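What follows is a pair of complexes built around chain A, which joins chain B in one and chain C in the other.
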Partner chain A sequence: MGEILKVEDLKVRFYTYEGIVKALEGVNLDVLEGETLGIVGETGSGKTVTSLSILVLIPPPGRIEEGKILFRRGKEFLDFLRNTQVMYQIRGKEISMVFQEPNAALNPVYTVGDQVSEVLVLHRRKEFLKKTVEEIEEELERGTGFKKFLLRIEKKIYSGMLKEQLPLALRFLLKVPILNRLGKSRFNKEVRNEVVNILREMGIGDPERVVDMYPHELSGGMQQRVVIAMALACNPKLLIADEPTTSLDVTVQAQILDLIRELKEKFKSSIIYVTHDMGVIAELCDRVAVMYAGTICEVANVLELFKNPLHPYTKALLESIPKPGKELKAIRGTVPNLVDPPSGCRFHPRCDYNMPICSKEKPELREIKKGHYVACHLYKR
Partner chain B sequence: MEAFLETVNLKKYYPVKGGVFKRKKADVKAVDGISINIKKGECFGLVGESGCGKTTFGKTIIRLLKPTFGHIYFKIPEKVRSDIKELEKNSNNSPELNRLYEEYDLGTFKGGRLKQLRRKMQIVYQNPSTSLNPRMLVKDIVAEPLIVQGIAKGREANEKVLGILSKVGLTEKHLYRYPHEFSGGQRQRIAIARALITNPEFVVLDEPTSSVDVSVRAQLLNLFQTLRKEFNLTYLFVSHDLSVVECISDRVAVMYLGKIVELAKTEELFKNPLHPYSQALFSAIPIPDPTVKKERIILKGDVPSPVNPPSGCRFHPRCKYATEVCGKREPQLEEIKDGHYIACHNWERI
Partner chain C sequence: MRAYIARRLLLLVPTLIGLSILIFAVLQVFSPVERAALYIRDPKAAKNIGAIIRKYHLDAPLYVQYFTWLSEVLHGNLGWSKSVNMPVSEAIKTFLPATVELVAFSIPLTVIVGIYLGVISATHKDKALDHATRALAIAGWSLPSFWLGLVLISIFYGGLKIFPPGRLSTEHSIVVNSPGFIRYTGMNTIDALLNGNLEIFLDALQHLILPTITLTTINIALIVRIMRSGMLESLSKNYVLAARAKGLPEKVVINKHARRNALIPVITVSGLLTAGMLSGVVITETVFNYHGIGYWAANAATQLDIPAVLGFAIFTGLLFIFANLIVDLLYAYIDPRIRLE
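Right, the complex of A and B next:
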């Protein structure tokens, strides 16, 4: 089990009118092969920005200032932050993402089938072309007369597309209305079948009907299944799930979590699960990274983190979970404004163990126990 | 204990209009026959999935919406209540009964009396960034109920505003600010201050913590508890967050598609849910403890549309214990143990 993704010293800034928002300040993160890494934190702690920057999807006025994002392919690590070509190949195919709100992540004017097939056509086009050619060859053996003639043309078109050198005549043919169907219908049918298969795998009942539906015709849980289908269409090695169940009800959340767990076992992919719900983390994740105000303050195994939280913020976070019959311990104050974050450790104004050094020096993330990293001055030695 | 607030077979339907003349085509049965008693000083939790009618019920009970059917009684003398029951038994349409309805049933209130009522019943909405007017100063937002109700004006109102703001954890320096200058938790505090300034007895909290963070949520929950003691309030706490409800409520009702399926004391309900829907709902809560592995009951499919809900028991198409009778006859809410109500035909079998 090696690392599949390494994020090194990531710094992200948003240049807004109010000032420069220092959204991420030196984030280091490893994702191991086949594990589920949970990222927890409050609103504005940089969970979503981290996951977006892994895919280089930070919207302007945001910018990735520094840092490396290394993704393993075979044996070498590729830094695709500065290599757009590689990034286009990886994004959506090897790393894909499930967004927070399914009805915002889906385009309302395209059918479910159209949207899922977009990923497939982009990344697995050749595969489908090959399949179509094989199918045509099969039919050619049986075909006669005019049909055989059409099939021959079709075969020429598709194999031309596959080799990416289409004869001029055929290219002209594809521009003619009605006749251009020769270069589309079979391919589309092939893609559609695959979409139906994927949707069925996601536990959507009656996928043949759902393929032709628009997002608004589906319930929230169904929409989220479609978004997950899009993300998993190319069997990614790493799936980033950015609060996929926040906008859903508990019972639907249970369904989706179950689905994610099942799919993980099936596809053996790693998952980064971003959430603010400690309960979900406890159920789903192997390792947890706790984020606060753009920094990672603790990384540990789930069992270890819940049993033995070291960072004061993690402790406070775990204590603020409502439990019956107990006085709730709230963290005083609020999440700081990241335009002007506190100096030194960003948690120090709200911390119960505040020391003079905390406001001066930023604590580094260091390993206290095996696999348990904390960024806090309390654990210096 | 006498009933503080009682609803009898409360229904709220929203018409679905369509066709040439925008005729009524169907009804969305958001709340469909709810009868509950809320006792003085308690926090009554109401849980359910989105679209089950929790919010509509909360709004109807304080008469922000007019009920389609049913009665709401608020602090009604016991004698009158028994009179009404007696009269209802005898006939459905006697002038005496109608007079009593008009006098005591909140569902029939209009105009001035409704305004009087607002003083006693208030609501805190889900999302403070939409429930506070962005163009009003905090002092005006919080003082508005006083002016509308004619309780206080000018300096007197200002003093009251200050008093209530300090109770919810805000200070004088926050008076001359606009809502956008506050964080989510503080905004919710403003909304709470606005609700409490008329000195209400009953407050509907409509998912007050769903738009804030975990750490702020704990602050707000603690605030609700202290305010309840201090002002002697009664809460209807509407939420889909079960852990929050478990933490704050005395009694909890579980709602499914406009009906209450189970009602019991919080402890009892969370420890021992009997209705198959409550069982599934409670088993779906993720527990923040990685050492606990529990059996989940995963419901198949989605919540049916409230426009035409399933016949009989509304949960029967998704229920694994469903028998023939479930699809035919609607189960009534009955008391099976001390204070534990359930609407299910087969609860004994489960």
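Right, the complex of A and C next:
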């Protein structure tokens, strides 16, 4: 199993009126093929910024200052921070994303079908055109007379679109809305059928009806299923799920988690699962990266991390999970303001093991045991 | 959608009744004799005032008066406009097409260019293009229309001798008013085309250019600003991020996903702007000696032509009611959440 994605030394800054927010400070991450990597941390630790950076989606006033985002395609790694062309091909097709609040991630003025088919038409156009041409050929064998004549014209249009050699006049005619709908009705039907199939796979009952519904007519759980459908429409190699269950209630949460697990089995894609919920991490992930104030402080296998946490922050985080009969231990202090973050290790003002070096030098992420990385001066060898 | 339209149309009934009662109430300020005078065409006929009072039941109980008045209004009898010497309904029919023609050229220009500039301004937020667009728009908004109109006339008519004021050149207006020329709509450009007279069409167009530019320059800032703020809001929404994450090119993200959501406030303002313009762009019409409905109403008001003013009030009321109706129907078309409420 090799890496499918490598994030190297990522630095993200937000230029706000209060000052420069140092949101990410040298983040390094690897995602292996077929694995589920959890990213866990408090609100404001940079989980979402990390996942948005992977798709180069940081909204202004944010900017990716430094670093590389390398995505494997075949044998070579492509850095799409420096190659916009590649980025547009990869977004939505090979890496896709599920957002935190499904009702915000769906455009209120377009139907579910519209929004899902958009991805299909964008990335799988050729496949559908081929299918349509084949279908017409089949009908041609049976057709007679005038119908055969019409089918021949249709075939010409579709194979022209497939080879991208449509005559200029036809291309112009297809720009007219009504003619477009008429001329491409077969293609649109093909796409719609696929949308219905995908929705059914996502566990949506009655998908034929849901295709024509608007997002606000669906419940939160259903909306999230639609968002996941959009993300998985092209069988991506990597799915980034940014707290997909946070805004849903508990029973729906469990359903969505089950769905993600099922889909992972089926599509064999890698998943980056961003959450602040340790329970979900334990249930779903293979490896975990713990983030604090824009840095990664520990990366390890799930079992290893829960059994043998090394970083003081991870320890504190695991102790702060509520357990019956035990007093809840909160981490003292608050998350630092990233406009003016603490020097050295960003956790040192809240750390119980604070040493003089902690405020002076930023600890590097080092492999302590096999596969267990930690960024802390306690474990200097 | 159909239920929404039906409900919206039903709502028209109480609104229209409300409007009629309001205007009828204004009429009650006058005594029966004064109200009878509204229907008199010739001052010499004043001695028949008793007959007119009896004819229109002006001394009957209020409800009888209201229904008589309403049925007269519905039959198009709004009184006699002494300032132009014709019935009020006839005057509206004469002067309205000119204004409609002017608005039909100005509003699409304002709205389309305004939306386009608003989108550009929002997508280039805080860059030079954004600042330039906003500065120009605000400059246009701040210009008094009479000043802009006069400057345009002095440059393009006084200096360059193109784009004259008025609605038509003298020789063409003779043709237009001759019996051989059929007036289908009263709008010079359309009538010229329907009569197959290209020369008149071009002449009418020439006369329309300056007032259209004036109205567009003055009103465009409104659309630009509203479109800009709407776009900025929808561009910051998660669905725009999601659209980008799908791999859609920036053009589709902006023109499909962000723009449609930003259009709703623009529709409201465009609707009101249209109604406002139709009910009189007095200054612009006066500056360009363009005889539209605003020109008539302003004249009537200065000459104490009360039937004309009242007729104009009814007309304006109706206009706003229907503008709101169209705005509401467009809302429902653009935003499905409104349809289903």
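Observations on the structure shown:
In the analysis below, the second predicted complex is superposed on the first by the 369 of 381 C-alpha atoms of A that agree within 3 Å, B and C clash if a C-alpha of one lies under 4 Å from a C-alpha of the other, contacts with A are read in each partner's own complex, and residues count from 1 in each chain.
Following the convention adopted for this analysis, contacts are C-beta pairs under 8 Å (C-beta built on N, C-alpha and C of every residue); 3 or more make two chains touch, one makes a residue touch a chain.
On a predicted model such as this, the values are computed, not experimentally measured, just so you know.
Per the definitions stated earlier, placing chain B and chain C onto a shared chain A by superposition produces no clash, and the two fit side by side.
Of the two partners chain B and chain C, it is B that touches the larger number of chain A residues.
Centres of mass aside, this uses C-alpha centres: at chain A, the angle toward chain B and chain C in the superposed model is 80 degrees, to the nearest 10.
Look at A:Val280: by the touch rule set out above, it reaches chain B but stays clear of chain C.
Contacts of A:Ala169 after superposition on the shared chain: neither chain B nor chain C is touched.
Of the two partner chains placed by superposition, only chain C is touched by A:Met97; chain B is not. The superposed three-chain arrangement places the nearest Cα atoms of chain B and chain C 8 Å from each other. Taken together, the two structures place no residue of chain A in contact with chain B in one case and with chain C in the other. Here chain A touches chain C in the complex through residues 52, 55, 57, 59-60, 88-93, 96-97, 99-101, 104-111, 118-119, 122-123, 214, 216-217, 227, 230, going by the rule given at the top.
Within the complex formed with chain A, the residues of chain C that make contact are 125, 236-239, 241-249, 257, 260-261, 334-337, 340. Across the complex, chain A meets chain B through its residues 42-43, 205, 219-222, 249-255, 257-258, 276-283, 302-303, 306-307, 316-318, 320-324, 327-332, 334-335.
Within the complex formed with chain A, the chain B residues making contact are 49-50, 183-186, 213-219, 221-222, 240, 242-244, 246-248, 266-267, 270, 280-281, 283-292, 296, 298-299, 301-303.
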